[in-house]
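Written out below as structure tokens is the structure these notes cover.
So that you can tell them apart, the chains are marked A, B, C and D in the order they are listed, and the count of residues begins at 1 in each.
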Amino acid sequence: MSISKETINHEQSLLEKLEKQMTSVAHLGHVEIGVTNLEKSLWFFTEVMGLYVSANEGDKVYLRAWQDFDHHTLVLNKSDVSCVKQIAWRVSSPESLKAFERQFKDMNMEFKWIEGGTKKGQGDTLQFRSPAGLPIELYWEKELFVNTDPATASKLPSHPSKYTGKGVSPRRFDHVNILVNDVAKEQQWWTNLLGVHHRYYIQNDENVRLGSWLSRTNIAHEIALMRNSNQNGALFHHLAYYLDSPDELIRAANLMAENDIKIEWGPGKHGTSGAQFIYVFEPSGHRVEIWTGGFLIFAPDWKPIEWGPEAGPLGLDMWGSKAPESYFAYGTKFL
Amino acid sequence: MSISKETINHEQSLLEKLEKQMTSVAHLGHVEIGVTNLEKSLWFFTEVMGLYVSANEGDKVYLRAWQDFDHHTLVLNKSDVSCVKQIAWRVSSPESLKAFERQFKDMNMEFKWIEGGTKKGQGDTLQFRSPAGLPIELYWEKELFVNTDPATASKLPSHPSKYTGKGVSPRRFDHVNILVNDVAKEQQWWTNLLGVHHRYYIQNDENVRLGSWLSRTNIAHEIALMRNSNQNGALFHHLAYYLDSPDELIRAANLMAENDIKIEWGPGKHGTSGAQFIYVFEPSGHRVEIWTGGFLIFAPDWKPIEWGPEAGPLGLDMWGSKAPESYFAYGTKFL
Amino acid sequence: MSISKETINHEQSLLEKLEKQMTSVAHLGHVEIGVTNLEKSLWFFTEVMGLYVSANEGDKVYLRAWQDFDHHTLVLNKSDVSCVKQIAWRVSSPESLKAFERQFKDMNMEFKWIEGGTKKGQGDTLQFRSPAGLPIELYWEKELFVNTDPATASKLPSHPSKYTGKGVSPRRFDHVNILVNDVAKEQQWWTNLLGVHHRYYIQNDENVRLGSWLSRTNIAHEIALMRNSNQNGALFHHLAYYLDSPDELIRAANLMAENDIKIEWGPGKHGTSGAQFIYVFEPSGHRVEIWTGGFLIFAPDWKPIEWGPEAGPLGLDMWGSKAPESYFAYGTKFL
Amino acid sequence: MSISKETINHEQSLLEKLEKQMTSVAHLGHVEIGVTNLEKSLWFFTEVMGLYVSANEGDKVYLRAWQDFDHHTLVLNKSDVSCVKQIAWRVSSPESLKAFERQFKDMNMEFKWIEGGTKKGQGDTLQFRSPAGLPIELYWEKELFVNTDPATASKLPSHPSKYTGKGVSPRRFDHVNILVNDVAKEQQWWTNLLGVHHRYYIQNDENVRLGSWLSRTNIAHEIALMRNSNQNGALFHHLAYYLDSPDELIRAANLMAENDIKIEWGPGKHGTSGAQFIYVFEPSGHRVEIWTGGFLIFAPDWKPIEWGPEAGPLGLDMWGSKAPESYFAYGTKFL
């Protein structure tokens, strides 16, 4: 008995489908940033933002929001320059890391393995760069946060730690946003290679892509890509934590004002996602977004929404305010 | 060249994985209910709740929330008895319906095809019953809502129709809840056959399952199963629409009071999901939940949270109120 | 027996105290505005703002918020020019109108009586002008709103009419704001003659008064006076309705955006009063403020709070946004 | 020249009017409570409620909300029994204390002077009892809170101290509520003698007064009197602090749940005032209300609103929940 060409083709097609299925991320996990003023940045993220310290190693502090189930969603690294070191994503299955490796090899893409346990609470990790140069890492295993301090443990099994309402007190980590020179190109790479769906985008009147928003999960975006108006390469625009209500957003703005944290823009409302936002600068210069609202996307065949030149400004702020110049040009570096 | 056993086994294993992948729902789509008083129920859902009419066929009215992208998420049918006719789910891929058919045949399960176009805005549909007798239908194709009335069209491409803020004005359809005799059994069927993940559950002190909450998407639950305290079979407990804030929930309670709609329970807060809720009865006797808050689940390997006998009451209301008896026994019928 | 000088002086002193007591307003009652586009302005105030029509006389429409107990707090007059016709205040006692008349005569101030019943729902009325030329009227008697339509009557005796939550749906009328050339002078007149307490004020670095906020009641201001940056006389800056929460303010901003009503400024937060605000232009060109928050003043010997050159900008917006130029110069006329 | 009888009568009438004017309170100032567990009560009021300590004398702690302008609005006294020691009101003018003294002497009422400075931050004080036995004190002078700690001082002159958002973080002290045997009698005394206006009341179907709400200021009530269902004399029902929004109320309920503070009733909504509330017990057994919403009363001739037997239950909770038995019977003692 011999194998027909059809049989071989069929198997190949099955294999490709499965590989495709496996080479996808599950969700954004955390971001690792370098901060020049660790003490003040830590004060900002704990006292003003109300994040919780999961672990403090002196020059590295691991943080999470009160209902982040993971051990950390933000890592602060003492650093000579304010920068972003890693954008970390969890993959969709235990087999995915190997599948990604096969894919990267096929593509002759550079990548690096970090052995499990090297990074706090994290298993084997695959590191590489996007076309625009963003440092990305993928992992399957990551510790969940387990509360061992009775003072902060909640009697509610749904609360990884007690809700204290301290500071801004966001519910969870949400997304990152990056300035790049060529939005369309970078977006396609994220969608095709990592399986992060394209959700909506803004085109200007010369048909240049000004921004694209992407997610693997049902939230509207886990990563946004915006055109760097200076065209000087990739810069980290902001990281974002999510609040439960407009009221909490206003409360956050009040806390920023009392604590001398500059609000760059907002309160405003992105028409694109429906996100009601404020943007602030933490003491080491990273931009942080605090937001609420927005829609979820359930359709498995979602077609990206286009915001053309006319609707674009409403996409940025449907209430009519204009973003400051800095919003389209300022970001922190990638290391 | 001959095919080795390994090759065949390998192919079978691939096929099984793919079948498993395909035989899963994508998300809850809509619920079709029979109402004895169509006029008053329609008044409730449009004037008090603020849902939008997508189509009105006289004895069938199709409704959606302002940001539901689908053509409808609720169908009201003029009926002699208040009942639930279908709980409809979208499947995860175009191939899924056929894959489900193969699966059902293998299991000798009864099912029925409804040809595409028979149901308004819906493609080929597979109908069948769960072990407890719930009428379920699966579809891949469903029309999106397209606004053709300039008066209700929004200039925002992210808004399928203008936000008017009329009545309760929920953002979107959320979930259904069912009373059954045997929660654990029904839950396993939903998880194993339809791929709806188990998220959290309540056990009483005799280790009987009092409730289980399940979802395929990142929201905490799309379907809940609760133990019928009368043990007289499956009953429809409620359908739920989602609000953006606690403030909107209080506003909803005020609107219910002014419109003589009985609030059965709430405002309260389920400790399990963090849902802040009110439950009301619409004029034909169906229970409707309006809620806000709650968490999203991103982990692809989520382990269901157990709420044991001690934490259970907090799971029902962490603020300390007790559900009325009716909450555990009253429901509308399945047809 | 003869009357001693002391006895006479004593009686005079008592009389003066009582006169002082009587010549004070009780609270701001309503404002009467001329609108060039009555139809569109009426659409704005009823459909977008959600005010209720108490009476419609064709070219005059009487409006109130859902919990305004008075028959009206806003009157729209069909007019050739957008203007403000009267700012009406209730006086503190039945004897006050006569006491004011005595006072005005002593001061040789011009005034005019309007007989009770001439104006809808209003008793005898005294009309006159402030130094800056604002048209003011005082009255003691004004009809309360009595709901005679079962469709809008509430079963709650505390609700003059049912709460519908339609549109912005403010709870009550709040204050007026006026641009004048000389703030300090106008403020002193209002405080000394009408008994409206001075609450807080902004001085620039040349010690010029930029704004003063005054109230007779416990709310932070019923009338505000701001410096006209063009120094071209008195202009009506805005009228304001009050909301119950920041959440409702954000909802209001969303409704403005969907209804193509330009938001001039906001959401922002005045540091002075703590008012969280948006300012919009209604279709005939009057500025309308919608706001929430702020403090109440209970001290009978309140000392006005000074906002000097350094704190002043925070007084305008403590979140850091800058008011547009138009905010300090644009207003509608007084007739 | 002789004095005519008319002249004398006239002077007497003037004097009476002025006396009446002077013998009125201005507003509720603070309440002084005895607590059996000072440490835990202090933890509750500072860590959970988020009140600020103005002064701590070891067995007496002076507290205020973040925007209370007075030095304190609550005093905790270490005590063998949980009790209420004083309900303190500010009077309306510097002459009022003497006028009250004249009045009390005329009525042969017992009273006591406490010399200025004896009580922290308070001038000369007049102490006496109401018919039901409530301990009342009146004062004119009381220190304002002056922030001397740079860490808690705000750059905003309108903020007596920085807003931190810690715990429940109410904006201001609001009112007290007392259980008495005879509501109508006690209410008349407060209105006639102290000038505290009657705002609304509930009558049962036997025409017995179940509750009366009174205020001197524009807020709906500063003191409430409710019928003690046990008819065993006067008991302190609760003290109340005010929040800015329904959202903050829900947040407060969450904080109570996480901190094991029992919520006796709520979230609910009093139809009478529109107050959205929760009632909790602080660790020494005093009931505390946290609330938001409600209306202001501006009319100088306000006619009390009657809530008859039919509307009464809506007056208690317009959302339909029933107060627990304890709500009508439990209170702490007056010393």
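Here, contacts are C-beta pairs under 8 Å (C-beta built on N, C-alpha and C of every residue); 3 or more make two chains touch, one makes a residue touch a chain.
The model shown is predicted, which means the values in this text are computed figures rather than measured ones.
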Steps in the shortest chain-to-chain touch route ending at chain C and beginning at chain A: 1
Which of B-D and A-B has more C-beta pairs touching across its chains: A-B
Pair in B-D, A-D or B-C that repeats A-C, with over half of contact pairs matching by residue number: B-D
Averaged-CA centre spacing for the pair chain D and chain B, given as whole angstrom: 48
Intercentroid distance (Cα basis), chain B paired with chain A, Å: 29
Multi-partner residues of chain D (each touching 2 or more other chains): 155-156, 245-247, 251, 254, 257, 271, 314, 318
Of all residues in chain B, those that touch chain C in their complex: 154-156, 159, 162-167, 245, 247-248, 251, 254-255, 257-258, 260
Chain B partner contacts - residues on chain D that touch it in the complex: 245-247, 249-251, 253-254, 256-257, 262-263, 266-267, 269, 271, 276, 278, 314, 318-321
Contact set on chain D toward chain C in their complex: 1-3, 7, 11, 14-15, 17-18, 21, 26-27, 67, 69, 90, 92-93, 155-158, 171-172, 200, 217-219, 244-247, 271-274, 292-293, 295-296, 298-300, 305-307, 311, 314-315, 318
